[in-house]
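In the two assemblies presented below, subunit A is common to both, partnered first by subunit B and then by subunit C.
Up next is the complex of A and B:
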């Protein structure tokens, strides 16, 4: 009963977000319930659709898990998009140039992605800790640079055979594809999902049960007092950037070797920014990441059907995700300001 | 040369209006992070309304309402609900951008009314200066006006003094009887409305028509320029023109380096941010300490209470 009362504001906010979506569909002249059903059917309606949803779930899990770490350190890692892109670029470089059997390339692309994202995040971290540049703007600048780099590589040095095209590089040879398991007439992205779930588990354990995690949270809550208490705040912030960036970089590997099987200009799929929404909705807790991320990618994957079947712009998925986060945030804060419902939830923390 | 300067000033006009709006907002102590989404949604709304009505001016009005409404959400959730301005702003960024794509989808490729050219009589006949500054349309003259009025109000009026007090030391302002949160709310809404006008300028003046990528990344750049300009209207305007110059330059270099045609248009974005990083790096600050005049020309501190919630005890 207590749990239900605590959840009331959230449930009401979700209902309001759904109502907003229905009104919007009516405005666009679309049959709302058919459209919403298409979201479900488009993401879970068949074995291959479930597989596609799971494949999209993995990079979002990785990016979100990394963001939980940076948020815990009190950092707005807007550079996450760039970290995903650079991870994908590094993985692409390995996939294109490293000879050898599939398992060697798999390990090497994962490590390369992690290093790429880590380095990119550390640049923002050093600018923040030693340069006094706010991480939002350092990160944004690095996002722009990474996006430019991807376009340059796709059209220049790594252009596909024949005429260079923004549709991407040549497809990687099959040894470099992230392995899938054949079952029920389709391939299942077991490796990428395992990477995604492992990242969430590691981050959850790290923040819950380790000295590093506790001190990191202390740095995030109050850097000045943490510093006075002898915690090397800069080192902890850089550590958070490193872990967050490495996980985002692996998300880039999954996008390149698991999904596209090539490098494309929009390789990040927007999962970096979407990860920020996921973490905001999870109110910065690792435990809720997995279900919320699944809910969000289901909307994203399903909304491509709206385009195909009803001629609606697939941005509807993004609208639904954004309005959900906004309403849940407002609902939670509103009920907290009234001392209603979420009181119980807050006491649990 | 004249033509180049003329096109830089015209290209930068919406950015000038948007950055003046954000400067006002941040000066009052509120961060409206949603610019990337606000610009896109107001550009779409402005175009669609102007397209329906057949009048550009009505489009600008509608766009201003959109920008103001988004700003009002940020201000009120911060003031009343103590929500983090950055978090709400970020969510609204993505939400408004997707909303623009969804609602504007069927209007891509349509052509709407345009803002008529309006060379100022006599002034536009002055050699060089006339061509550069007075051979434009109302949007560009509006951008000049925005710079001048913002500067004048900030540094020459009582209202400006109160505005800065609210952003720097809200406790002190409150003690002097100023309604801190009321002022913050309305200055944020005003700043948002200006961002909305800037959005409409992109779809009704700079380009005629709306598409998803019309204002791509310009909102983020506007936020960066406000920091680059140290929250000072004239320096912020300088930053906006610098970016305009980079854009025009990149456009012209496309003919010189056809191989880089795809990369050049995005080059001004990282360049602008790198300039910001340079100006704010501690190394540069040390140089600034030795040459105070140079520093006052380029640097500037953030309003002390920016992004915080004011609660009276």
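Up next is the complex of A and C:
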């Protein structure tokens, strides 16, 4: 009952977002309910579509879980997009150069992705803690550098045999592909989904039950008090960057070895920035990430059908995601200003 | 022309900052407004200059009730305020600062503005290079620029809020002669200060405000005794607390120089023995906080030595000071002590000695229940810090102080607390003296200083002005010393 009361503003906002989406579809001259049904069918309509949705779900879970950590420390880790890219680049390097059996390469690509993302995040972290560069600006700059690096590698040193193409590097040999489980006539991305769900669980446990997590929250909410309480605030911020970056980097590994099976310029799939929206929608808590991220990727995957069947641009999926976040945030601000919901949330706590 | 302030009320939550303020000032007067910190002077001036809206009451100039809904309204009605920190845009030139905020068409006529700047500043006896950046002006020159601008905008009433903070002695003389000149030209000048000497030097008449009310009005000269008594009220100390035998020195400062902003504590030597309580008196911003922050390791002394239990901590970090047994409790309970959104139990986990990775929440809740009981905190283990009252926040902060502390540094330990809570806080603090803890605290409450200190260090203008034993002094003398004067 309490939980329901706390969720009421969010549910109302979701309903409003849906209504707004229907109005937009009408304005575009598309039959709204058919379009919405296509979204559902496009993401869950067959075994292979469900598999594709789950494969897209995993990197979003990883990036979002990492962002919960950095948000807890009070950091706007806009650099997450670059961390995904650098993770993918590191995983690609291992996949291309490391000989050996599949399981060795699997472990090595995951570790490499984590290290790549971690290093990229720590650059933003050091710039913030010791250089006085706000993490939003540092992160944004590093995003562009990472994207440029990916393009350079794809067209330069790692170009396809024969002719360089923005469609990506050569496909990795199959030992380097993230394993899938064959069932119901399609492959299931069990490893990447396990990585995604594990990351959410670990982050949830870390924030809920450990001294590290509590201190991180304290640093995020009031660095001044935390410092005076004797918490080494810079170390904790860097720790948050490291964990958030590592998880984003593993998301990059999943994109490279699990989805594209090569490095492409747009390797991140935008999951870093989308993760920020997911975490905003989950009010910065790990508990709600999984369903919200699933909802988001279902829209992304399903919206390709709009293009095929109704001639609507698939960008409509992104519009729907964006307005959902805006409406929920407006609803949150509205209920906070009326003291509604927060009381219930507090009682629940 | 006369300015009348009629029955102004203004409250912030339960605090009545202005509680029916009424007084009048004649044309051409230099009128002093005196009062200690928190007396309500600043609130009143902010109402006059349109920054705050009064709950009730009116301001009348020349029989016109003024509309003071915003600073723009106030200056339109002829009331201009010079803030403690002049409202000057540092990257702008003198000329741009001058025209900024003036009404007129979108297109700026800089040559006309320049002529006006020359004319008005000439009349006032100031000289400016219009193209100079405000950044390169001294604080005194920035004030002159502000005065010029306000006069040009047609101010008949000029309010100066603590204008001598941060300017040199020569600049002060110059400012005073400017103020006299303005009054001679028929303007009303309100001079807000807590420095007795300045008001005595400068003003024709004075109004003293205490606890939001006008308690005294007179034409100058008035004896300093009277002014001190009116500002602080009578201070009575009934009970004498028992002292504990003092031990060896815990905190030792030797020829220390500490600098922070405009504050400079010069060559201070002081020691605080085990079981001793030292009170730091003075108006806000006179250097007490700077000294406490240096002792806590948040500032490094630029010269001299600062040691605790004989260990020189001069260059050591805040965390080194913590491990040396120094504990600092700043004034901002929710800003610099507790963390909003984090519960009582979580605060106690944050400060506990236990370092295990996983938290056992059952035990944590039990410990929290125990401390809540022990310190009579009104709240549950799950209550977030911001839901507690000021007194209960302070009790939680007390519960968070580790058991073994050598030196306790406190800033306004009982500010905003009711009498019962304040007495409780002090009882818990004084109990720690038995374990050889030294206490250094800053307070604006003379009663508290006299009641709980062994010695009192009085700060004035960023430096130590006097040191007295609590038993050898009284509220009246402290009032003088805080105002920067020895008792006559």
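In this text, the second predicted complex is superposed on the first by the 340 of 349 C-alpha atoms of A that agree within 3 Å, B and C clash if a C-alpha of one lies under 4 Å from a C-alpha of the other, contacts with A are read in each partner's own complex, and residues count from 1 in each chain.
Note that in this section contacts are C-beta pairs under 8 Å (C-beta built on N, C-alpha and C of every residue); 3 or more make two chains touch, one makes a residue touch a chain.
Nothing here was measured: the structure is a model prediction, and the numbers come from that model.
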**OP:** Check subunit A with both subunit B and subunit C modelled on it and let me know: fit or clash.
**Re:** clash
**OP:** Identify which of subunit B and subunit C touches the larger number of residues of subunit A.
**Re:** B
**OP:** For A:218, decide between first (touching subunit B), second (touching subunit C), both and neither.
**Re:** second
Original post:
A:232 contacts which: subunit B (first), subunit C (second), both, neither?
Top reply: second
Subject >> First, second, both or neither for A:276, with subunit B first and subunit C second >> reply: first
Original post:
In the superposed arrangement, which partner chain does A:209 touch: subunit B (first), subunit C (second), both, or neither?
Top reply: second
**OP:** Report for A:16: first if it touches subunit B alone, second if subunit C alone, otherwise both or neither.
**Re:** neither
Original post:
If you stack the two complexes on chain A, which partner ends up touching A:152: first (subunit B), second (subunit C), both, or neither?
Top reply: first
**OP:** Clash-wise, after the superposition, say which stretch of subunit B runs into subunit C: 9-17, 171-179, 279-287 or 297-305.
**Re:** 171-179
Subject >> Touching residues on subunit B, where the partner in the complex is subunit A >> reply: 33, 73, 77, 80-83, 86-88, 90-92, 94-95, 97-103, 105, 217, 220, 223-224, 227, 259, 262-263, 266-267, 269-270, 273-274, 276-277, 280-283, 285
Original post:
Which positions of subunit A touch subunit C when the two form their complex?
Top reply: 209-212, 214-215, 217-218, 221-222, 224-232, 346, 349
Original post:
Which residues, counting only subunit C, touch subunit A once they are in their complex?
Top reply: 318-319, 322, 328, 330, 335-343, 346, 349-351, 355-359, 361, 382, 384, 400
Original post:
Which residues of subunit A touch subunit B in their complex?
Top reply: 24, 27-28, 76, 78, 127, 130-134, 136-138, 140-141, 144-145, 147-148, 151-152, 155-156, 166, 273-274, 276-277, 280, 312-313, 315-319, 321-323, 325-326, 329-330, 333-334, 337
